[in-house]
Each structure stands twice: as structure tokens, then as C-alpha cells.
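The structure is given below, and queries will be raised subsequently.
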Amino acid sequence: MSFWRQAFEIARKDLLVESRTAEVALMTVPFAAVGLILIPLAIGTDAPLLTDLGPGLFWVVVLLFGVLVILRKSAVDGGPQRDLVRLLGIDPAARFAGATLATSLLVLLFEVLLGPVVIALYNPALDGWGWLFIILPLVATGMGLLGSLTGGVTTSLGTRTSLTPLLIAPLALPLLLGATQALESLERGRSILPWLALLAAVDLALAVTGVLAARPLEEAII
Amino acid sequence: MTAKTLVTLEDVGLRVGNTVILRRAKLTLEAGEKIGLLGPNGSGKTTLLRLLATLIRPTSGHGTVLGARLGTDDVFAVRPGIVMVGHLPGLYPELTLGENTRFVARLAGRAPASADQALAAVGLAGAAGRRADQSSKGMLRRTELARVLIIEPRLLLLDEAHAGLDAEAVGLVDTIADRVTSAGGCAVLVSHEADRLEVDRSLRVTDGAVEEVS
Amino acid sequence: MKFLRTRWLEVTALLVVGAAVVRGVTVAADVTQGDVQRIMYVHVPAAWLAFLAFGVTVVGSVAWLRSGKPHWDRLAASSAEIGVVFTGLAIVAGMIWARPVWGQFWTWEPRLVTTALLFFIYLGYLALRRAVIDPVERARRSAIMGIVAFIQIPIVYQSVNWWRSLHQTSSRNSIDAPLRVTLWLAVLAFTFAYAVMLRRRLELSLLEAALELRQLEGSQAVAGAAVVAPSLEKAGHHG
């Protein structure tokens, strides 16, 4: 069975589990939406301010609340399930790829569902919105990769839910800057490409590390 | 060691965290053997099973499983020939029994139809649409036995082989183990209750060693 | 003489640190900033050590993954611990420096932001180490996290740098020659101090490992030994 076929099967299983629990769509998205309502109540509700802050807040919420997508139930296999997949002879890198694919698609869903909330509440400027078709998936992929990597090192640890956000948040900074500054560069008449390249570079570096680390990591867990 | 030898452990030591599970353990399993594995609670039966499944590496000594040396990357190639049924179910609770079984069949490179046949063979054709977390312990165990029918392993490792099963299902465990051994494989059944096991020979894990029980 | 032979590193470190302190206090102060500028002799070397220490951590991590020898893991862990301390020192010194010069504790200077993130990245690394009990499992997981973190650091730095250049221009001043000599001396002193601390920490972790092993052998912790036949008489009777 080919690498991508294995990865696809793993991703399909993760998404099927997610479709039953509906954690992202029915729990994480509403929670993040409440967050977007709370922020203006704390910092002020005048329209020009919110228009300015809207895009930045969207990305902060995506990266911070997005950690909940990474921590969701369907991303976590218990010991018996890990044993099952290992004994089926799945390439650990294919498992990494499959888990990343599933998480990335769910982060993308999270972004897409949260977008209208930001537009409705903050009325942000939407110049150059077409670029979002590239930026949103690049950020979602980065989050998916960070999720699988940190998921790997925190597997079966009791403190996983507290440890994962600490490991992810500082490393997610380039994703935040890449996403926010890309559109701001457009506004200032500068090239958007360095920022897109930054996002792509982050994704690439994480993907290479993840694939190389997949086997030693899987074999480390007792 | 003969051509029919499937598993050997030579002076294998195994330590998990601060606990010594095995000290210089010796073991040989031949093709066609049905083995009982006994031992009191916490003696390391489950951990030994996971060692035999190549899922943990020995801390010292040598061993081979299905021709692959333990602790080397050779084990990746032989894993698809091993089925382990642990005391906790290797199933995804949110998926149905049918989905769980088809997931295994697809990843093992078998036709999805073989999954349905296997479920029918263990008497669960009518429960394929039921979620695993809505099923009884006996049903989960039967679903896992269906996995043995799909994969047709050379090495079958059954933890708590008869725990929580009705008389019908106990018979099923023995039939499935016999299928594996008559096809030239080896089956290891862990149990607390020695008298319920119908096996060729029994081993006991005590004080870090594996001993033959007469 | 035996003392000098075994403790030459400590003695040298003491001499260099002493020289750096004397030089740092006596060299002419910066013309515009006055004495406050002297904190640079702590801030800059501490930041340098942060990078050096985490560089050593990644070397230890890679070497452990290749060889599986426990001393590489001990090197990675020891260096990260010291690195976190110096990263914290660099941030605090930077803030003390910034307050009188810029009127606020924090500036969004790229190196400062990156250093702060570095601090949290390695706090996470140490938290991960703490969370895993089995030594081999701990070594493997933290080696991979150490490498992931290290690869991301240049990207983090570059992203903050670009972000800054979009918002304001860089304000880097060149510094005078006597000050630069002092700065280099301070860097040398900090590096020696790091080497001493690393050596002591490694000695300590060797003792820790030996203690762990002795407890293990002493307790005869064979699986099953902790479970004995139940005896209900010991529970006593109530009522």
C-alpha cells in the first residue's frame, strides 16, 4: 500500500471520528466566536478601531483557539489504537502525513467559519481578499504540522493539554506574522511575496522535520 | 533453532521506567504451537506480549520475531504478520464496528468485503452499524477477533484471552487460535485461569523469568 | 598543583570574570547614555549565551538520536537549563536598560522579541522533559522537540525582523572601540562561566543517574513484586 494511500486512510478515519464528535464545528468555533465578541467589549467598540484591529484579531484567535483543534479528541489515539496502527505496518511518516492532513483541513474549516464572524463584528477592510485563498491554507497547514509534531512528543502524557499550547504558541509566531503582514504589505503597496514565502518556508521546515522525526517518535512511545 | 522457529528470546532483559519486567529471559516458540502464558497480576505478561509484538525493544539480550531481530528496523517488515488483541480494545470508540473492521482491512491491503465476512463469521453481521462505544465488552472482543480472520497472522497474541466472554465466545477464541496454528502460525494466550486454557504447553512469568509449566 | 590541574576551568573563569567586572566598571561610560549603558555588558553576553546554550542543546539532541548514549541527553538537558537562566537574565537586563533610555521597559526590537520567545520555547522544552518519566522516552521526545525548536528559531527571528522593517526603521548605533573591547571581554567571561556551570551540571546529572540506578538495584523492582496475596485481616474490623 502506497504512502499516500496510507496517509489518506488515516486522515479519513480522523475526519470520520471528528464528524461524530463535531468538536471543531460545534464547540471550538462557537467558543472562538464568543471570544471575538468579548474583545471589543473590553477594549472599546468604536467602529474605526475595530476595522483596524479586525484582521489581526482574527489571526490571533485562529492561532490561539486553533490549539483546541489540535487538542481535539479525534487527534488523540489511545495506547491500543496506536498499537493497532503500528502493527498494521503503517509507515510512521504516512501516519504523520495523514494526521497532519486531517488537522489542517479542520483548522481551515475553523478559519472559514470564523471569517464571517470577524467580517460581521469588525467590518475589516477586505482589499486583496483573494490572497486569502493562499494564506488560509498555508496557515492551516502550518498549524496542522505543529499539531502533529507536538502531538507526537506529548503522546500519552498526563499534562498534554497544558503542555501543547506552551510548545505551539511561540513556534506559531512566524505563521501569525506571515498572515497578518501579507495583507498589510499589500495595503502599503509593498510586495506580498516575502510573507507568502515565509509561510511556505515554515510549512516546509516543519514538514521535513516531521517526516524525519516520525519513526523515532513513534518507536519512543511505550 | 529450526526452520519452524517463529520466536526466540535469548537472555532478554526488559526494563520499563523503574520496573524490571524481564531478566535474562529465554523463550522459543515454534510454528503450529498454541501457548498459554500465565502469571499473577502485574508480573509483566502484557509487557512481554508487547515485546513479542515488536512494539517495545528489549533493554538487553537478543531476540527474533518472525525472522526479524528485535530492536532493529527489520521489525517493521514483519509487523503486518502479527495480531495482538490487548486487554483494552484496539478500536475507535466513535466508529461503528463495521467501520473499525473495514479500516483494518483497507490498511492491511485486503478487500473491504473481507471485513464484512469476518464480522459475520464472529457472529456480528447484525451489529456492524453499531458504534464501538455503544457495544458490550464481548462484542468488542469479537470485533477484534474478526481482525485475526482478516489479517491471518503468523503470530497471534491474545491478552486476557477469555476474560469477559460467554461460553460461545470462548469457543470462538479457541477456534480462531487453532486456525492460526494449523496454518503454520503460533498463538500465545494469556490467562489467569490455567484450567480454562486448552494449549500445547504453558509458560509462566515469575520474578523476571519465563518458565515452562509442566 | 593538583587543584589547578583539576579545576583549571574554574580558576580561569574566575580570573576572566574578575577582569571583565573590573573593566566593565572602570571603562569610560558612554557619552550619551552615561552609566546606564554599562548594563550592556550583561545584556549582550547573556543573550549570546542563550544562543550558545541552545546550540549545545541541539548538538546533544542530534548526537543522542544518532548514538543513544545517555551522556548526550544529559548534555542537552543541562545546557538548556543554563540557557533558560541566561535568556531570562538577558530579557531582564534588557528591560532595566530600556527603562531609562527609552522611558519604557519593553521595546519591540526584533532581537528582544526573539529572545523572549526563545525563553518560552525552552521553558516548554524543560516542561516536556519534566513530564516524561522513562529516561529513554524522555531523551527521545525532548531530542526531537529540541531540534524542531532550533530549526524554527532563525525563522522566528527573520519574521520579526521583517515585521519590524515594515513598521519602523532600525536604530542600530555603532559603538566606540574601548566599549567594544569591554564587551568582548564580557562575552568571554560569560562563556567561561557557562562552561563551568555546564561542567558542574553534568557532574550533578551523572550523580543523579547513578542514584537512580542504585535505587533501582536496591529495590529489586521486579514486575509483580509489588503485588502480594491479599490479607484482609490487615484491614482490621470496624463496628
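Each chain gets a letter, A, B and C, in the order it is written, and its residues are counted from 1.
The rule is short, and it goes like this: a residue touches a chain if its C-beta (ideal position, glycine included) is under 8 Å from a C-beta of that chain, and two chains touch if they have at least 3 such contacts.
Because the structure is predicted, anything quoted here is derived from the model rather than measured.
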Check: Hey, which chain ends up farthest from chain A, C-alpha centres compared?
Finding: B
Item checked: Closest chain to global C-alpha mean, per-chain Cα centroids -> A
Next item on the list: Based on C-beta pairs in contact, work out which chain pair has the most and send it over.
Entry: A-C
Next item on the list: Averaged over CA atoms, how far is the centre of chain A from the centre of chain B? Could you give it in whole Å?
Entry: 37
Notebook entry, point to check: Measuring from the mean C-alpha position of chain A to the mean C-alpha position of chain C, what distance in angstrom results?
Noted result: 30
Notebook entry, point to check: Per the centroid of Cα atoms for each chain, what is the distance between chain B and chain C, given in Å?
Noted result: 46
Margin query: I need the residues of chain A touching at least two other chains; which ones are they?
Written below: 219, 222
Margin query: Could you pull out the residues of chain B that touch at least 2 other chains?
Written below: 16
Check: Which residues of chain C are in contact with two or more other chains?
Finding: 134
Next item on the list: Report the residues of chain A in contact with chain B in the complex, numbered from low to high.
Entry: 1, 6, 9, 13, 16-17, 20-21, 73-74, 78-81, 83-90, 219, 222
Notebook entry, point to check: Okay, in this complex, where on chain A does chain C touch?
Noted result: 149-150, 152-154, 157-159, 163, 166-167, 169-171, 173-174, 177-178, 181, 184-185, 188, 190, 194-195, 198, 201-202, 205-206, 209, 213, 216-217, 219-222
Item checked: Residue ranges of chain B touching chain A (in the complex, touch as defined) -> 16, 50, 53, 55-57, 76-77, 79-80, 82-84, 86, 88-92, 94-95, 99, 103-104, 106-109, 131
Check: Hey, which residues of chain C end up touching chain A in the complex?
Finding: 65, 117, 120-121, 123-124, 127-128, 131-132, 134, 136-137, 140-142, 144-145, 147-149, 151-152, 155-156, 158-160, 162-163, 166
